[in-house]
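In structure tokens below, several structures.
Note that chain A is present in both complexes that follow, paired respectively with chain B and with chain C.
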Partner chain A sequence: MITIVSEEQDIMTDLTMEWLARRKTPTRRIQNYEPQTFRIEIDNGGSSAAGPISGNSHYWTRRGKENYIPATIDHHFSENLPVYRYLEQDELVVSSYVETKRKQQLNHHDTGSFFAEKKNNKLINLELAKSVHLLIPPTCVTNSKKVLAQFIRRHKQVITKDLCAPVYLPGDKGTLTSSGVISIGLSDLDAMADNFAAVFVQENISKQFEIRCFLFRKTIFSMAIFSQNDQQTTTDFRNYNDARPNRCVPFQLPPSIASKLWKFMALAELDTGSIDLIYTPEGEFVFLEVNPMGQFHWLSENCNYYLEHFIADSFTNA
Partner chain B sequence: MSVQPTYLLYASCVPVSGAKRKIICDLQRNGYVPIPDGLYEILTRHRGKSHKDIKAAYENKYDQIIDDYFKMLVQHEFAFACTDPNLFPELSLDWKAPFPVFNAILDRDNNSAYDLRSAVSQLSGINCKYLQLRFFDPIDGAALTELLQYFETIRSATIGLEVLVPAAPGFTSTDARKLLSTFDRLNKITLHGSPGEFSIEEVRNKRFLISMPTSVDSEAHCGIIDPELFSINIKAFTEAKKFNSCLNGKISVDRKGFIRNCPSMQEDFGHLDDTSLAEASSHPDFRARWQMTKDEVNVCRDCEFRYICTDCRAYTQDNEADGKPLKCGYDPYTGEWASTAPSNRLRTRVRAQKTASSSPA
Partner chain C sequence: MQPETTPFLPLTIQRAVFRPRKEKSPDLTVKISSSLYQSKRVNQQVIHRPISQMIKK
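What follows is the complex of A and B.
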């Protein structure tokens, strides 16, 4: 049995499951936060566990997690209530045990991890990237206006982006979302107080193009994204321009860079993820960040990689 | 790494040569542009060579022209300057589908007696994703609703459903809108023979209602070749390189219940009453029709549009199996469209229809 945990809308899951169906491989899909029944017993004779833990030949945590809170309770409390937060903490103890146990049992037949996504830390990752001799953008996180001003003065061209996840705050007057990557200058500081919640800034790295790599178990698939021609997207290709989509083409990562990425993945304890790089006008590769559960359908389509086929094969051939 | 400046086409920009003209197919931005013969040669025979070497290959006689060519290509974002072509592989021409049959047409008229439900459930059984139901005679809205409900009960594998129905008192645009708002699998309803102008309406997210004045009263309303109908994208291009761009993965049941590659084809592979769709679609001769690429079709094989054009194997020149589609007015040897080419009116209609069919998947 192959189990895939994923969001309902995830197209790569749909496509991969078609190939698994073609191979007549028994497959189970657990939607993100779909309640699961479970049993864990630990005594002096050993421990045993049942539920999504057992009976798998491969387990792929594509996006999201299973949920060990029954639907009746889950739907009863608002996520903001203290009692819910308490239940949620308990639930995390269970899911963390389940994931650890499953990874031990399945050994190398388990890909992706909710807890890896949860502990993904941009700052630690930059340190790890540096430690394997990848270049990184000079970076600063601070809650002080003074420090921020100094950083901007020193690095001139500076950008800011989300430190953790993108902002998504629905409210009465509409939804507040973060705007991806934006430039920030000294004049932006005028309206700010002396101290604020953490702000993440980096020197703006000029680029020939960006590179998005999808790493899955032992293989890397890369795509170059040319955004420089188009004023609307020079800072970050995620500020989409639909009429003239950025040129996205297959890219062959030089082996030296690929091997650094694998070293990074090992240190970050990731077996899959999407890595963003910049290729500078000087021909250098600069590491930006990794998203353990990032989207890669557009990469697969633009480069004609058929990643859904590759992934299904890697489950059935392993 | 030695730095050898050169220019490369973006991988999604693919040059194709015809008897008279050459084009670049832009598979990412869905268009094509004609290019001079000389440029075609530079882009294909000399791909990946340094700018200097390309000029030298022409004994430096055309340096200015070559510079101008690349300047234009870069300006229009077909090419980019680069120093290491090895980092930029060409686009893979792979084309794959998990299940062999993914496209079906079921035709119905007042005399059709075959079991529509059986056809629908069989299609789901062979994992066919897209289905077009064509009603030539007026139908009753309740019957269609029942059929759509049936789709839900069998949890059909068919995710993209398109219905053509004659506009009639028993089935109006109001009925159509209601169905489109109710059934998720239903992507499009076309009301043919509608009073008034051609129109297109997005009833909800990617669910379209199309009204057209022309009546589709038989399968003969098919096979039109027009630049407005070209499919200029990676999926269609790679498929056309390896398979027939109309029949690949297709199965149909004509109004009398005969199973064919398409309702207009001469040859049948049995009747739905005694042959299953799975059986018919695995017949070697049935599959053979999927294989004929435009590279094997007369005239088309010399046409620069052969990988972005649709095809038609039912209505062909001189009725030959490898004849050019009859309803194509293009002559690749002169590079001209016949003046009998479809009217502007048709073109506008076709364009609108294309917007609506831009894949819901």
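What follows is the complex of A and C.
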């Protein structure tokens, strides 16, 4: 049995399941909102567990995680109430145990991790990338206007982006959503107090093009994104121009860079993820960040990688 | 909620985009099933080119 945990809208899960169905491979899809029944017993004679841990030959945590909060609780309490948050903390203990045990049992037949996504830390990842001799942009995180001004004076061209996840603040009348990567100059500091919540800034690295890599187990698929011909996407291709999309073509990383990325993945304890790189006018590769559960359907389709086929094969041939 | 401009917040929040909630009419709600997705690509191949050829001069 192959189990895939995902979100309802994730198209790569749909496509991969179509291939698995074609192969007549028994597959179970768990939507991240579906309440799961479970049992964990630990005593002096050992431990036993039932539910999502048992009965799997492969497990792929594509997006989100299993939900162990019963529907009755979901219906009874708003997600914003303290009691719900308290229950969520308890649930994370269960989820963490289940994931740990499953990885022990299935070893390399368990791909992806909710907790890798949850603990994903841009600052630690930059340190790890640096330790395997990947270039990184000069970076600063501060809550001080004075320090921020010094960094901008030193690096001239500076961008700021989300330190953790993109801004998503739902309210009664609408939602505040991230405006992506923003160029920041000294004049922008006028709107800021002397001290503020943490701000993440990096030197704006000149680009010939950007590279998005999808890594799955032991294979890398890369795509060059020509974001520099469009003012909207010059700072970051993720400031998407839907009317006139960037040109995206297959790209083969030099073996030396691919080798460094695998070393980085090992240090970050990741077996899958999407990595963003910059290719500079000087011909250097600069590491930006990794997303353990990033989207890769657009990479697959633009480059004809047929990743859904590849992933389904990797489950059935392993 | 309107865009937050308090100076104690990082620019990522100050510059966040406000998207008003859309009032949906139940009669017009259409749910598109992901199973309806059909790829029109048929055996298109991956073509790797040298960097020099990829960059339009």
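Simple rule for what comes next: the second predicted complex is superposed on the first by the 316 of 318 C-alpha atoms of A that agree within 3 Å, B and C clash if a C-alpha of one lies under 4 Å from a C-alpha of the other, contacts with A are read in each partner's own complex, and residues count from 1 in each chain.
The working rule: a residue touches a chain if its C-beta (ideal position, glycine included) is under 8 Å from a C-beta of that chain, and two chains touch if they have at least 3 such contacts.
This one's a predicted model, so the numbers in the text were calculated from it and none came from an experiment.
Engineer: Will chain C clash with chain B on chain A after the two structures are superposed, or do they fit?
Structural biologist: clash
Engineer: Figure out whether A:178 sits in contact with chain B (first) or chain C (second), or with both, or with neither.
Structural biologist: second
Engineer: First (chain B), second (chain C), both or neither: which does A:188 touch?
Structural biologist: A:188 sits against chain C, while chain B stays out of touch.
Engineer: Just chain B (first), just chain C (second), both, or neither: which does A:224 touch?
Structural biologist: both
Engineer: Touch test for A:9: chain B only (first), chain C only (second), both, or neither?
Structural biologist: second
Engineer: After the superposition on A, what does A:19 contact: first (chain B), second (chain C), both or neither?
Structural biologist: After superposition on chain A, A:19 lies in contact with chain B alone.
Engineer: For A:302, decide between first (touching chain B), second (touching chain C), both and neither.
Structural biologist: first
Engineer: So which one touches more of the residues on chain A, chain B or chain C?
Structural biologist: Touching more residues of chain A than the other partner does is C.
Engineer: Where on chain A do the contacts from chain B and from chain C line up?
Structural biologist: The answer is residues 224, 226, 249-252, 301, 303-305 of chain A.
Engineer: Can you list the chain A residues touching chain C in their complex?
Structural biologist: Interface residues on chain A, with respect to chain C: 8-9, 11, 14-15, 160-163, 167, 169, 171-179, 182, 184, 188, 191-193, 195-200, 208-209, 224, 226, 249-252, 279, 301, 303-305.
Engineer: Which residues, counting only chain B, touch chain A once they are in their complex?
Structural biologist: Chain B reaches chain A through residues 1, 3, 10-12, 28-29, 77, 80, 83-84, 86-94, 96, 98-99, 127, 234, 238.
Engineer: Okay, in this complex, where on chain A does chain B touch?
Structural biologist: Interface residues on the chain A side: 18-19, 21-22, 224, 226, 229, 244-245, 247-254, 283, 301-306, 309.
Engineer: Per the contact definition, I'd like the list of chain C residues that touch chain A in the complex.
Structural biologist: 1, 3-5, 7-21, 34-35, 37, 39, 41, 44-49, 51, 54-56
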